[in-house]
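Here come two complexes built around chain A, the first alongside chain B, the second alongside chain C.
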Partner chain A sequence: MGSIQLKDLRKSFDGLEIIKGVNLEIKDGEFMVFVGPSGCGKSTLLRLIAGLEEVTSGTIISDDRDVTRLQPFDRHMAMVFQSYALYPHMTVRQNIEFALKTIKLPKAEIARKTAEAARILKLEPYLDRKPAALSGGQRQRVAIGRAIVREPSAFLFDEPLSNLDAALRTETRIEIARLHETLSGTIIYVTHDQVEAMTLADRIAVLSDGQLMQCDTPQMLYERPVNRFVAQFIGSPKMNLLPASGEDGKTVMLAGGSKAITVEGGYTGKVAELGLRSEHLRLGSSMDAPLTGTVSHVEYLGADASIFVTLTSGEALNLRGVGRELPEVGAEVGLLFEPSDIHLFDADGLALREYA
Partner chain B sequence: MANESLKENRILATPVVVFLLAMLGFPAVLDLIYSVSTVSFENLRDPTISGFGNYREVLGDPYFWSAVSFSTRFGLLTAALETALGLFLAVFLAPLIHRRFWLMAIFMMPMIIAPSMMGLMYRLVLHEFVGPLPYYLFEFFGESPAFLSPQLAFRTLVVIETLQWTPFTLLLFYTAYSSIPNDIREAAKVDGTRGLRLFTHIELPALLPTLVVAFGIRFIDGFRVFDNIYVLIGSGAGGSSTSLSIYIYTAFFKSADIGKALAASVLLFVVAFGLLWLVGWLLKKRRPA
Partner chain C sequence: MVMNAIRWLVFAVAALVMNFPVIATIVTALKTPADVISNASLIPRAITLDNFAAVFTVSERLNIWKYLWNSLSASLIGTILPILLCLPLAYAIARRDFGRDLLLPLVVNLRAMPLIIFAIPLYMMYQTLGLLDTRFGLGLILAVVNLPLALVLLTNAVAEIPRELDEAAGMDGARTGRILTRLTLPLIRPAIATTFVFGFITAWNEFLFGLMLTTSKAVPMTVGASFFFSAGGGGVQWGVAAAVIVVASAPPVILGLIMYRQIGRSMLAGAVKG
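Then we have the complex of A and B:
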């Protein structure tokens, strides 16, 4: 009822290719998040699916129906805009009813659906207000209400939380997650915020420069990024990368290191970089640690601390420490890690590790 | 603190208040005094207060009422035509102007011409013997309406005024139209609204305040019309094109009926002020609480 397929989708503006051939299958009822840095084309991709931009080439299939050239409305999708795009001269009720009135639904039906949407979104007290008299969060809910009354096959959200303040953002994020459970509809959600992406998504599609880098569950993206871009984009702070070498498929050697690290499960290709997430690094004595350096800076965060270490080789790393056990700035430390936690990339940034 | 800023505000506002009092207040007071006096060019400095005789005379003058009727009809009709035409052109040409904004400069051309020059120009263009328009009409159709005759003067003037001032409403509407956030249109499209319904339900309500302002400004401007009519045909045969302004001018300078002219001008002022207030009230009422 709400599956969407993108087949080699391309979009050019004035000869400049913005979307460079995206293939993606979104399952019915799935919460799909498009994430990527600004300018990666994620919003454009959403607008192509919505029908607000014309597709240059490729196809969009919605429920086995080719909708590539259809008008936005005929795609049976509803969109929630970043600015909410509420009709300023209409009351909340009129805003929500508008689409239903356009298709000339019977009055009783319109009233029933509007009441239902208002109940789900707790908008009942505001139905007769104009958008100008609402707070950001309330406007957001009106925008969602306008989408759900249409009972669309998919909801498209374009950075819906970016105009809310931090506290409200968390709250609304949870509301959206709950809404997805209630409505069990397909959702495509665009954001540049990886926390939103990780917390909301069934699957995340990471985009960069108009191309789909990886599409998988949050866990898989985090644990098994397919390339350096995804590895560094997902996760905060960024994954540490260190120059390394190795091409025997079993062991790698850190640049300037003395001991070979045995890679569990092996790898294929020629290693250029070794990646380590900050929480997979531990402080230890500098005696027999594979990495040594000095603490250059410490950020205390309460439970955690972000510790910046400058390695003897000159590279800068950061690791997650415990808030109650802070090292001194300038201390000589050794860094320990489990070989199973490492990520390996070749010179082009492709991930090399084989997983069982 | 509050008193402090009040004092500051008073000091800062003083120059403009003094300026307005001198430039507008003084003539207004003089106007009021003269309007209730017996006054002519001989005793300008020493008018005799004589009560509301001037007002009675004005209100009893059929020419005054025909001038009021002319001004009202002229103002309403031109304002309506200019607003409708400007709105249509703004929406219709918006995609074109959006891409080639220099076109706006061409559309603005009529507005740049002084209205009296406009009157002069049309006097030539429409002249029965030397005007190119009647000439070609005779050439092609064998006859031409007498554009400046008392029967047609009103219509001719309305067309001329509309042609000159539609660019003004076009500019207003284009600006308002292009400031409607595009995502509202997109939201409406996703909601299945397009074409006429998009215009009537989404865009027109957004343009409504501009519509009221444009109509109001153009009505006031049309109501007090003077120069182009005066240059084109003067007060017309039997007062057929006497606007209120022309009536006042004629009474003042031609008949030296200063008291009567000023009484009429006070009436015009009251009406204009009332209309302005009405427009302001309408706009305020529309704004959400």
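Then we have the complex of A and C:
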């Protein structure tokens, strides 16, 4: 079991509120990712759940038990730190055994659990080494091993891959995904990397400035962001935003545009901005396109290319092109898109589109 | 080649000049009484161990073994006690911010005061408590002398341990006691060794309190050594005096050589990503 509920969770440091009332329910066995820019409070939120920081107000429920004021260990959660935090004077085996020895399990059981963890994490050849004699990836696995022997109700990961190089990061990411399938425990995973978030998560909680912006599946965050922040944070490159207007609930008009765009499903509110992801824009002839401009810069990426266009109205846009069909810099181009792909935001940045 | 030779020559001269008092003392201890008076050279005409033998037999009143034992026991009290006292305090200061603003500077500044200030009140206190001329009493005051250094060294060592290690141990179910003994203590072992060596040397070489607070039973080596200067009656026996100084200086020097490798080492490699 490993369900966790956060109820109006708040945390202040020296009078400054860092976590501003977070409500969230994490289901048993779920892979939940907290994502957000640095300073958004995602690590603090994780530390509150772990019990490493004291909650200022609000409640943390774990498996129908109020754990808000409990010591970290009594919450039955295990944490993998960003820095690994291995005990440097102990061997890999002693590191993994430490928690089990602390609760004074019988020797045979400690040995069995340690061997099992070492097998799962392929650490068997290194059990008698000290952390200093291990590579970054191996240290990472020891940190995970230390967590899994405890058979906790939830695993907490604090940016576990940020210290690894790019190749190892991808590899370890896949390992963590596999580990989640094997262990089927609840995982809360903090990262600032949206690729990690999108690839690993069952659901992603996007945080900004100590507040929960949106919590949903990766698909829903990408397709239906609830506000401008989420829209721009999820997806790479950032979603293009253009000034637009409309309040009839059916059509919108781009600033300086001549043709109204009919919004499928309609919307509610007063439109201020129209959002388009770069992959939903296509190059076309400048004659019949709703947007026209000149190509200002092209970044060739192999299969893809990032094409930067300065619109006639002065706005800058980027779109994803095909690597083998690059336009010339300075060429006059038209930009096409499907009306179903647009996102609409009001002046406060709230998403306005209605979905069936 | 020539440059190298010059460089070594400079080193040799520097070593000789800086160690001159040590060399002179050792050489004097190895000379015969006649040689001490007539031959000022650093090379003795004949080498003798008579002076060292005399140290142990020169007078019935003077028992060098007793002085060594007094110094050893008082120095160990004066070194180990501050370490024991400062360990939990260092943890509290480094981890709980307890007393960092007031207690730490206060204790450290204690060291800046001339120790003679403590002389009169301490003597009167010791008299009342019956601590005069006891090894324990001498050890206690040496502990006070060593406390500031121990506190600074140990506090810095604890502060250097990444906080995540404590947090990880906390997540693993360890309470403060277990964190302190299984994690903090082994990780600050080099700092404890450093504190021990420096503390022991300070305690062993202490003279003022030894002179003031002891009379016969608990006289430490430093004070006892001075008795030997005129031990044979008549004039100063330089050879015997030099020999007793060599014997008196040996323990801290040997300790320093043994512990040298422990000093300044770090136990933290591999704890967190470096």
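In this section, the second predicted complex is superposed on the first by the 356 of 356 C-alpha atoms of A that agree within 3 Å, B and C clash if a C-alpha of one lies under 4 Å from a C-alpha of the other, contacts with A are read in each partner's own complex, and residues count from 1 in each chain.
Basically, a contact is a pair of C-beta atoms (placed from the backbone, for glycine too) under 8 Å apart; a residue touches a chain by one contact, two chains touch by 3 or more.
A quick note: this is a predicted structure, and the numbers were derived from the prediction, not measured.
On the superposed chain A, the two partners chain B and chain C do not both fit; they clash. Judged by the touch definition given at the top, the superposed model places A:A133 against both chain B and chain C.
Looking at the shared chain after the overlay, A:N163 reaches chain C, while chain B stays out of its contact range. Once the two complexes are overlaid on the shared chain, A:G275 sits clear of chain B and of chain C alike. By the document's definition of touching, neither partner reaches A:G185: not chain B, not chain C. Overlap of the chain B and chain C contact sets on chain A: residues 50-52, 71-73, 77-79, 81, 83, 85-89, 98-99, 102-103, 130, 132-133, 146, 150. Interface of chain C with chain A (complex): residues 162, 164-165, 167-174, 178, 182-183, 186-187, 267-273. Chain A contributes residues 50-52, 71-73, 77-79, 81, 83-89, 98-99, 102-103, 130-134, 136, 139, 146, 150, 163 to its touches with chain C in the complex. Every residue of chain A that touches chain B in the complex is listed here, in rising order: 50-52, 71-73, 77-79, 81-83, 85-90, 98-99, 102-103, 130, 132-133, 146, 150. On the chain B side of its complex with chain A, the touching residues are 181, 183-184, 186-194, 197, 201-202, 205-206, 208, 288-289.
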